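Chains here go by letter, A, B, C, D and E, matching the order in which they are written, and residues are numbered from 1 within each.
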Amino acid sequence: ARDSDTIKIKGSDTEVNLAVQLAETFHSDNPEVFVSISGGGSGLGIASLLNGTADMANSSRSINSEEIVLFHKKTITIDSFIFAQDAIAFVVSDELPIDSISTKTLALVLSGTYKNWSSVTSKKMPVNIYGRQSNSGTHDFVKKKLKIAFSPHAKEMNGNAQILEAIKQDNSGIGYVGAGYVIHGGSKGLKVLTVYSGEDIAVSPLNSKMIAAGKYFFQRPLFQYYKSNSYDKVKPFLDFEKGQIGQKIIKEAGYYPVN
Amino acid sequence: MKNINIDFPKNQVTSLIGPSGCGKSTLLRCFNRMHDLSSDAKIEGSIKLDDLDIYDKKNSVTEIRKRIGMVFQKPNPLPKSIYENMSYALNIHQFPKNEIQKLIESALKESYLWEEVKDELKKPAVKLSGGQQQRLCIARTTVLRPEVILMDEPCSALDPISTRKIEELIVSLKKDYTIVIVTHNMQQAQRISDKVAFMYLGELVEFGNCQDVFQNPQNELTKNYVGGHFG
Amino acid sequence: MKKRLSRFLNWTILLGCTILVCLFLGIILFDIFSKGMSSLSWGFISQPPTKGMTHGGILPAITGTLWLTLITTLFAVPFGIACAIYLNEYARPSVLTSMIRASIRNLAGIPSIIYGLFGLALFVQALHLGTSVLSAGLTLGLLSLPYIITTTEEALKRIPDSMREATLALGATQFETIKDVVLPKALPGILTGVILTLSRAAGETAPILFTGVAFYINGSTTSVNQEFMALPYHLYMLSTQHQSIEQVRPLAYGTAVVLILLVFVLNIIAFYIRFKQRTQQ
Amino acid sequence: MDVKKRETTDWLLKQLFKAIGLITIVLLGGIFMMLIYNSIAFFAKVNPVDFFTGYQWDPGSVDGNYSILPLLASTGLVAAGSMLIAVPLGIFTAAFLSEFAPGKLQAVLKPVIEMLAAIPSVAIGFLGIVLVGPGIAKLFGIQNGLNALNGSVLLAVMALPTIITISEDAINAVPKTYREASLALGADKWATLFQVTLPAALPGLIAAVMLGLGRALGETMTVLMATGNASAMPGGFLDSIRTITATIAIEMGEVPYQTTHYFALFAIAAVLFLITLAINFLGEYFANSLRKFQA
Amino acid sequence: MKNINIDFPKNQVTSLIGPSGCGKSTLLRCFNRMHDLSSDAKIEGSIKLDDLDIYDKKNSVTEIRKRIGMVFQKPNPLPKSIYENMSYALNIHQFPKNEIQKLIESALKESYLWEEVKDELKKPAVKLSGGQQQRLCIARTTVLRPEVILMDEPCSALDPISTRKIEELIVSLKKDYTIVIVTHNMQQAQRISDKVAFMYLGELVEFGNCQDVFQNPQNELTKNYVGGHFG
């Protein structure tokens, strides 16, 4: 494969495993096109686009104003494409006597105000937060949605899957991952919390109907950004994602199609 | 090495002489089992201190080495202070703490070193001159009150003045200790020793009173050697 | 009595420490091999990963690591040997020489992640090589340079001057002497050092993180400006980032086995060369 | 005529070799300059006082908290822990190897140590996740073993080969006469080892520890995988920690280039660089003082 | 080193003698600029071959070394085959390919080595005995047809029989070459040399015909030295 035949995709860890599966099937349908995928986080993808080291950036957050300025300075025009939807799942050990949580409580727990589960449940155990790195799209999204700063005692795991692994072992832990990870990580020892905001009923991130209706508080679009002038190169892949096979893979991976 | 039979008489100085490589050092090191360290040496025969068999496994080698001190060719003070050099062995052999100071002082006086170092006992021993170092090594040995002191060319690394001092020291020590000394210097052997043993190729060739061996050697080899013809 | 006890204690402490150190190696190898051998098969090393990397093999990671090592070699070996030749054959003791030596010692002590940053700033950004196997290989090359210089210089030092005098006295120039006598004679020693250094480079992860390693690529790397998969990064990814960590754990163990075997084979080759050389002399 | 050509070639190649020799200085200087240049860009935006005295590293927050202190404390803690384990183990093993092990045993043990040195750091980090971490969690009855202690154990394993090899050289370099002196005074080999040989080898042993420490401070993958990466100020060995190296590895992947956060990572890298440089110089100094004392 | 003025006469053997460390090797190595390699040596005065100034920067050092061959104390064959040892310099100096074989053969014959090695020219040179190696080193030098051959204790590493052979070789070579040889062996110097230079502490003390220097030394130092009183 020469460089020109390879689509370089970088960015979001949330999307990376999904992108791998898409690329795999895409390549077996189009053997002359190669795809190279790296995770690292949403920020890396956008930065790579800026630096010309990627053709496409996966991002689980929208591009921020600081970045728009940078693109403007370099006179790069970019387009975006939303190829799927994600619902961030909050996960605890199944030994913790709690099934749903309000966004308000969540904010108090994640910001480190509640240091013990006794404030929320009958159990008296310290709260252990398993989160993502400060610059991940997911981290950024949760923080902005809840309008908090994360507790500095939150452990920053290297990926979504490691968060699940940790919570399986830690019956006082809480963490957040993309929806795709919950079905794949296996539910043994885990519990996905339903979330209610305000007066509404609690919604599960696994409930596709509610998501389709836009009712889950932490649902978000998954973006792919690309330079306008490399549209021709990435088009076959985008078409593939939009197509039937692509959407099927996305669904099977635990994410939600764009309506 | 073979065929070696010597009685080292008490309170006398016995010199071991012979050409380089003849086994003088080797023999000397047998006396305090220094070879235990290195080698796969084969040991036959016996070496006795009074009636104690040195190579008997039952006897503790550290005890033997305490009773048979050794001074080496190159002064080898430990990389510690003068005081620690002296106290090291005393501590190891668990001499009572309150006596240590006194023992050290008397041993240093015995080696005529006290006056020179009494104000700087904390100084690293390596800062001393070569001759002082060697006297320190001797004092370090005598402080344990051994019965025998072995010396392997103790002056060969020293200047004539230091050598002279050490020689005087050796002579003055012999009233308390039995001394065995290896030397290459015939004049030195004549000056200090009561008995002389001449070795050649690992064998003892001649052993007798100092006078006899030098003035009137019995063996042809000895005659050549002390006459300076080889070596 | 007390003495005997303390002697016994001393003995146990020293022996115990030594045994513990050996035990560390034993535990590492036992755990990895006992759990990883079962996933090892011809398919594992000859196929690309499939089904979102939950099945199939690790071929692209193996070829990626080989590419990487090749580029590292091509870059670091000539430069390293040249520098060692300068230091040992030409340089006179001077301020400059001692500065070079101090640099080499310090370069060897710099954390590998900082080489990663430097590679990112120099090769990826400044030289516009992009994130590619070339950038990553050059970064590892820089990292390996001080080790290759030091081991080569040691090998050169062991060549007696009489060898050099022999050809010089016949009217050979200094370079001819180096080329015809010194280098051939020092070759086994240089080779040992180079192989050991490369085996370390092949196991490095931090310097390639930002310079070109990819999570996944279709097919194997075939050109130097492509990104690549690498065994150490693959192991890192499978054990921390993959979405089904539990499911791919056997693959992670298998990858660890392949990585360790690769490194050990290189080490054993180096030991063998060294052993041969020692027995010949 | 031909002689001229040969000698010109010779001269040219000599200059070439010299130029390549100079590259090492350029390389070190280049790395230094890169770090300094980017750090200056960082300190233009963030007050150095905050950088060194704040207590929070949270670049994502609105006003951006860039304080190296928790990272430094983490790095120091995990490295100190690893040295607590590796130094006695390493020095005693070296002492056993050089003073007591018979030749045949040495021939077995030396390759073992080289093999230990050859194991890639990811493999060690991997074991931290699957083996050592869970083991520590069980042992201390805590929920998660990804903490400073885990990192210290793993780093100790990685620093051991360095410490053992250099300590052994240092012990071997102690003149035999010291041992003879002590033995001839009736000291047994233990007293000789602990009271004479090891003290005499001390500068070399310190150099060994310094180099091992440098290794532990600079290690990335192992700590990244096995210590939990919490950026709070660590309170003890059972807390999750985040070292400087891990911070760079995590965040460099996620920052847009040429932003404050990007420069901040170079600034902490510069601090790490200066620390390792200082440790190398210290190690070198002690190694040199050993050489002097041998002469 | 200072005050050295010698004319080495053509087609004669000149021996340099003197106690160890007096600078014989140093002087010898000046003659073919072997010191260019190592040191920060200061060079004053001049050394001339015929009318060519050896230390003139204009003159090529490789050319000078081709014209002034050197044989060392320890035989130092290259780690190559016997044939390659001989052909190495010829190739470097670009002798015509078709002559090489012939030149090698005649040089080996000249060194009385041909008969011993002609069937195994492909054998590694290090497999030869010490004496053979040294003769190979001499042949390797003569194959270039130098004008002068310098030899630094060429026999000191050899047994008496090999030494005898080399001495004969040296005598037979002198009809074609000017030979300068360093030796510690007075007998050897007397056997082979026409001229003798005695050096002491870096200075030339006496230079003259072999006979004169040995039988009738002018200088007190020389007298002591050749008489065996020091050194």
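Keep in mind that, in the parts below, a contact is a pair of C-beta atoms (placed from the backbone, for glycine too) under 8 Å apart; a residue touches a chain by one contact, two chains touch by 3 or more.
From a predicted model like this one, the values you see are computed outputs, not experimental measurements.
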| item | value |
| --- | --- |
| Where chain D and chain E overlap in contact partners, by chain label | C |
| Steps needed, at fewest, to go from chain B to chain C via touching chains | 2 |
| Whole-Å separation of chain centres (CA-atom averages), chain C against chain D | 17 |
| Euclidean distance of C-alpha centroids - chain A vs chain B, Å | 83 |
| Centre distance in Å when chain A and chain D are each reduced to the mean of their C-alpha atoms | 36 |
| Numbers and ranges of chain D residues touching at least 2 other chains | 6-7, 188, 225, 253, 257 |
| Contacts with 2+ other chains: residues of chain A | 51, 157-158 |
| All touching chain pairs, where touch follows the definition stated at the start | A-C, A-D, B-D, C-D, C-E, D-E |
| Partner chain C, residues of chain A touching it in the complex | 1-3, 6, 8, 13, 16-17, 20-21, 23-24, 27, 34-39, 48, 51-53, 157-162, 164-165, 180-181, 184-186, 253 |
| In the complex with chain C, residue positions of chain D that touch it | 6-7, 9-10, 13-14, 16-18, 20-25, 27-28, 30-31, 34-35, 38, 88-90, 92-93, 95-97, 100-101, 109, 111-116, 118-127, 129-131, 157, 160, 164, 188, 190, 194, 211, 214, 217-221, 225, 245, 248-249, 252-253, 257, 265-266, 269, 272-273, 276-277, 279-280, 284 |
| Contacting residues of chain D [partner chain E, same complex] | 2-4, 6-7 |
| Residue numbers on chain D that touch chain A, as the complex places them | 56-61, 70, 134, 137, 143-144, 146, 224-225, 228-233, 240, 242, 250-251, 253-259, 261 |
| Contact set on chain E toward chain D in their complex | 60-63, 92, 94 |
